[in-house]
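There are two complexes below, and they share chain A, which is joined by chain B in the first and by chain C in the second.
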Partner chain A sequence: MFHQTALKSVTLVILLLGLGAYVQTGGYYGRELVIEACILAMLALSVDVVAGYGGMISMCHGALLGAAAYAFAAMTALLGWPPSLSFVIAIVASTLLATAIGAVSSRTQGIFFIMATLAFGQMVYVMIFDAPMLGGDDGMAGVKRLNLDLVGINFKKSAPFAFACIALLALSYGLAALMLRSGFGRTLSGVKANEDRLRALGVRVWWVKARAFGFSGLLAGIAGVMAAQHTQFVSPELLLWTLSGEALVVVILGGLGTLVGPLVGAIALVFVKHEISSVTHYWHLFIGIALILTVLAGGRGLYGQFEYVVTRARRRRAKDHA
Partner chain B sequence: MLDVRHLNKRFGSLAVTQDVNLSVARGERRLILGPNGAGKTTLFNLLVGELASDSGEIHLDGERVDRLGVDARARLGLARSYQKNNLFDALSVAENLALAVTAARGLSSNPWRDTHRDASVQEDVERVAAQVGLEARLHHTVSDTAYGERRQLEVGMALASGPKLLMMDEPTSGVGPAMIDGFRQLLQSLPTDLTILIVEHDMDFALDLADRITVLNYGEVVFEGTPSEARESALVREIYLGADDA
Partner chain C sequence: MLEISSLDSGYGDTQVLFSLDLNAREGEVTALLGRNGAGKSTTLKTVMGLLPVRAGTITFDGAPLAGLSPHAIAHRGIAYVPETRDIFKSLSVRENLELAARISPPERTTWTLESVMQLFPRLGERLDNGGNQLSGGEQQMLAIARGLLMNPRLLILDEPTEGLAPIIVKQIGDALLSLKSSGLSILLVEQKLRFAARLADHVTVLGRGAAVWNGSGDELLQDEDTKSRWLGV
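This part shows the complex of A and B:
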C-alpha cells in the first residue's frame, strides 16, 4: 500500500532539482538528456501505477504513449488545431483508450493479461502503421509545440521545454501519489494482494482495474504528447511493444511499486545509456547485467534497495536505543 | 430475509447440494450442521455467488440474487467470513479493516479522499477492531499476528462491511477455549436485527447461540428445528453426533 514517506519526498525533490540543475549547466546535449529522461520517467510512472500497485503487467503502454503522440500530431500538423486544445484532447483520448483496454483485459489475469495488453498494443501499432493519412512507415512531421508566448515562455527553445518536462513529471508524480492515497488507490493495492476477498467485500474489481488502467493511460498520454513535441515528429516506432518493455525494465531497475523508483530508473537508464554508448555499442549488455543483479539482489530495484537499507538501519538504531 | 428455493449443485456425478430449501427470518441466528462433506461450505459458496448453482433460486430481502456476481450480492448486504483465513496478509489489521469499511461506504471508487486519514473511516475501523478484540493489534501486519487473531479479523472484515446477512464458516476452528468464549460474547453483542448464518463444529458454542438449526447430509436438508428439538432428534444424533451418542 502506498505511503508518501519522508524518504520518498526527499528523493523526489533531489531528483527534480538535479534535473533542473542539469538543464542549466548541461548545455543543449544535457537538456536533450533531461527531456528524454523525463518522458521515459512519466511512462515508467504510469506503468508502476498499474504494475506495482495493481499487479497488472502491461505491454501496451508504448502504444498508449504513441497513440497520444499521434493524436496530438494529427490535430496540430494535419488539422491545424491549436496545440493547447490538441494537448488536452490527446490526453483524454489516451485515457479513454486505456480505460477500454483495461476494461477488457481486466477479465484476465497473469500471463493472459500480459498477452491481452500486448495484443491491444499491437492492434494500435498496426492501425497507425497502415494509415496512409498518418504517414504510415514514414511517420509524420510538422508537429507543433505549445505556444506559451503570452506568458513570456518560448517553448521552441530547449531549456523552457526541458523545464516544462520536469514540471509535468512532478505533476504526474503528484497525481499518482494523490490517487494511490485515496480510497480508490488503496482498493487498487488490495486488488493486487487479494482480489477475491475484495470482490467478497462488494468491490467491482474489473472496474477498479479498468479505471486504474485509464489513469495510467492519462500519465502515458502526457508523456506521449511531450514526446511528439520534443522531436516535432512522430513515427510508428513510438508505438512498438519494445517501448513498453523498456518502461517495464525501468520500473524494475528503479523499484517496482515504489513510485519514486521509476524516476530513478529512467534517469539512470538514460544517462548510463548515453555515457556507455559513447564508448561502446553494447550498452544493452550493461543494462542487462544491471537488471539481472537487481533481480538477484531481491528485486527491490535501485530505490527499493536504498529504502530497504535505510529502513533496516533505522530499525536497528531504534532497537539499540530501546 | 433469506429465501432459498430448490437449490441444486452437482460436481460431475456428485450431487453436493440437492433441492435445498431454506428460509431465514430477519435477526435469526441459524446454525448449519452436518458431517464433513455434507455440503455446508458449498451452500455458503452458492449463497454468496462464489459458485454458480445448477438450478434453484436465492432471494435476499425479496430480491432474486442468484444471477448476480459475488460483488453485487455483497453490496446488497451479504457478507461472509471464511473457513480458511482469506485476508490481506502483507497489510496491517487496520488496513485490512479499512479496505472493508472503504468498500462498505462506497469510497472504493473515490480517487481523491485519503481514507487513511479520514476520521469517519478510522472511527469505524477502531469500532470493529474493538468489537472483535483487536484494538491493541491494529498496527500489526496480519502475517505477524497469531492464528486466533486472524480468525477474529476474518469475522471483523465481514462485520466491517456492514452486512444485513452475516455468514460465518467455522469461526472458531483452530482456536482455544478462551477465544471461543470471546466469539460467543461477540455474537451475543451483535445487533438483534442482524441475521446470522453459521457453520460450526463446536456444538456447545453453536447450540447456545442458534435460534434454529438446519442439518445437511449428502447435500440434502434432513432436519430443521430448534436447538432443543435437534438435541432430541435421533436422526440428528445419528448423522451428526455419531452412533455412540445416539
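This part shows the complex of A and C:
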C-alpha cells in the first residue's frame, strides 16, 4: 500500500526544485537534459504504478508512449488540429489503448503477462511502422507545440518547455499518489498480494488490472505528447520495446514500488548517461554495473535503499530513547 | 441453501472428491469434519470456483454455481474465509476491512465497520496497525470480519481455529455462536471435534473424498466407531 511519507515528500520537493534550478543555471544543454529526464521519469512512474503496486511487469509502455506521441503528431502535423485538442485526444487514446491491452493481458500471469504486453507493444510498433501516412522508418516532422501565448508563455523556448515538463511530472506524481491512496489503490495492492483472495472477496480482478493499466497508459500518454513536442519529430524508435526495458531499468534502479524511486532513477540515468558518454562510449556498462549492484544490495533501488537506511536509523534512535 | 450433489473435484491429475453429497441449510451451522487429506478444503475451494467442478452439481438457492468465477460466486452472497487467512499485509486493519466493505451490495447493511468491531473489540484497538503486525488470532478475527463485511448470506470458514491458543479459540467460538444466534448460515470446516460439535446443527464427516457420516454434533460425540475410524479420535 502506498503511503506518502514525509521522506517521500521531502525527496520529491528536492528533486523538483533541483530540476528547476538546473533549468535556470544549466544553459540550453542543461534544459535538454531536464526535459529528457522528466519525460523518462513520467514513463517510469507509469511503469511503477502497474509493476510496483499491481505486480504487472509491462513491456509495452514504450509503445504506449509512442502511440500517444504519434497520435499527437498525426493530429497536429497531418490533420492540422489545434495542439491543445490533440494533447487531450492523444492522452485519451493512450489511456483507452492501455485499458484494452490490460484487459486482455490480465488474463495471464507472470512470464506470460510480460510476453503478452511485449506482443501488444510490437503490434503497435508494426502497425505504426507500416502505415505509409505516418512516415514509416523516416518518422514524421512538423509536430507543433502547444500555443500558450495567451498566458504569456512562449512554449517554443526551451526554458518554459522544461518547466512545463517539471510541472507535468509533479502532476503525474500527484495523480498516481491520489490513485494509489484511494480505495481502488488498496484493491490494486490486494491484487498484487493475492489475486485469488480478492476474487473470493467478490472483486473482478481482470477489470481492476485493466483500469490500473489504463491509468498507467494515461501517464505514459502525457510523457508521449511531451516527447513529441520536445523534438517536434516522431520516429518508430519511440515505440521500441527497448524503451519499455529502459523504463523498467529506471524503476528498478530508483526503487520499485516507491513512486519517488522512478524519478530518482530517471534523473540518475539521464545525467550519468550524458556525463559518462562524453568520456566513453561504454556508458551502458556503468549503468549495467549500477543495476547489478542495486539488485545485489537487496533490490530496493537507490531511493528504496535510502528510505531503508533512514527508517532503520529512526527505529534505532527510538529504541535508544525508550 | 447450498446443495452439493455427486461432486468430483481435485488438483491436476489428482482427484480428491468422489461423488460428494453435502447440504448446508439456511440459518444453520453445518460442520464438515475429516482427517487431513479427506477433501474438506478442496470442497470449499470448489464451491468458491477456485477449483473446477469435474462432475456433479453445486447449487446455491437453486441456481448452479459451477462454471462461475470466484467473484461472481462471492456476489451471490457467499463469503469465504480461507485456512491461510490471507490478510493483505501491506494494508492496515482498517484498509483490509474497508476493502471488503466496498464489495458489499448496498442493499445488505447488516454488517458495518462498527458492528464487526463490536463482535471483535480487539480489531477496534488495532485499526491502524498493519496486517503484518497482527497475531495469528487477530489475523483470524480480521479474516472473519472481512468476510462479514461482504454481508454474506452464507459464511464459509476453513479451519478458523487452526494454530491458535486455547483462549483465542474460545473467543472465536463465542463470536461464531453469536453469529449463529443472529441467524447467519455457516459452513464450517474444522479439525477440532468438540469445537465443531458445540457450534453445528448438522455435521458431515468426510472420508476419502466422500461423505461417510451425517448427523448432529451430539450424535457424533457418542459415535465412537465413526470418531475412531474417520476422525482418528
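Criterion: the second predicted complex is superposed on the first by the 322 of 322 C-alpha atoms of A that agree within 3 Å, B and C clash if a C-alpha of one lies under 4 Å from a C-alpha of the other, contacts with A are read in each partner's own complex, and residues count from 1 in each chain.
Operating definition for what follows: a contact is a pair of C-beta atoms (placed from the backbone, for glycine too) under 8 Å apart; a residue touches a chain by one contact, two chains touch by 3 or more.
On a predicted model such as this, the values are computed, not experimentally measured, just so you know.
S.K.: Clash or fit: how do chain B and chain C relate after the overlay on chain A?
M.R.: With chain A aligned, chain B runs into chain C, so clash.
S.K.: Name the contact category of A:200: first (chain B only), second (chain C only), both, or neither.
M.R.: After superposing on A, A:200 lies in contact with both chain B and chain C.
S.K.: For A:85, is the partner it touches chain B (first), chain C (second), both, or none of the two (neither)?
M.R.: A:85 contacts neither chain B nor chain C.
S.K.: Answer with first, second, both or neither: which of chain B and chain C does A:115 touch in the superposed model?
M.R.: neither
S.K.: Regarding the shared-chain residue A:295, is it in contact with chain B (first), chain C (second), both, or neither?
M.R.: In the superposition, A:295 contacts neither chain B nor chain C.
S.K.: According to the stated criteria, A:178 is in contact with first (chain B), second (chain C), both, or neither; which is it?
M.R.: The first partner, chain B, only.
S.K.: According to the stated criteria, A:1 is in contact with first (chain B), second (chain C), both, or neither; which is it?
M.R.: both
S.K.: Which partner, chain B or chain C, touches the larger number of chain A residues?
M.R.: After superposition, B is the partner touching more of chain A.
S.K.: So which bits of chain A does chain B touch that chain C touches too?
M.R.: On chain A, the residues that contact chain B in one structure and chain C in the other are 1, 183, 186-187, 190, 193-194, 196-205.
S.K.: In their shared complex, at which residues does chain C touch chain A?
M.R.: Chain C reaches chain A through residues 48-50, 69-71, 74-75, 79-80, 82, 86, 88-92, 95, 98-100, 102-103, 146, 150.
S.K.: Which bits of chain A are touching chain B when the two form their complex?
M.R.: For this pair, the touching residues of chain A are 1, 178-179, 181-187, 190, 193-194, 196-205, 207-208, 211, 215.
S.K.: Over in the complex, which chain B residues touch chain A? Could you list them?
M.R.: On the chain B side, the touching residues are 48, 50, 69-72, 74-75, 79-80, 86-91, 95, 98-100, 102-104, 107-116, 118, 121, 157, 161.
S.K.: Once bound in the complex, which stretches of chain A touch chain C?
M.R.: Interface residues on chain A, with respect to chain C: 1, 183, 186-187, 189-190, 193-194, 196-205.
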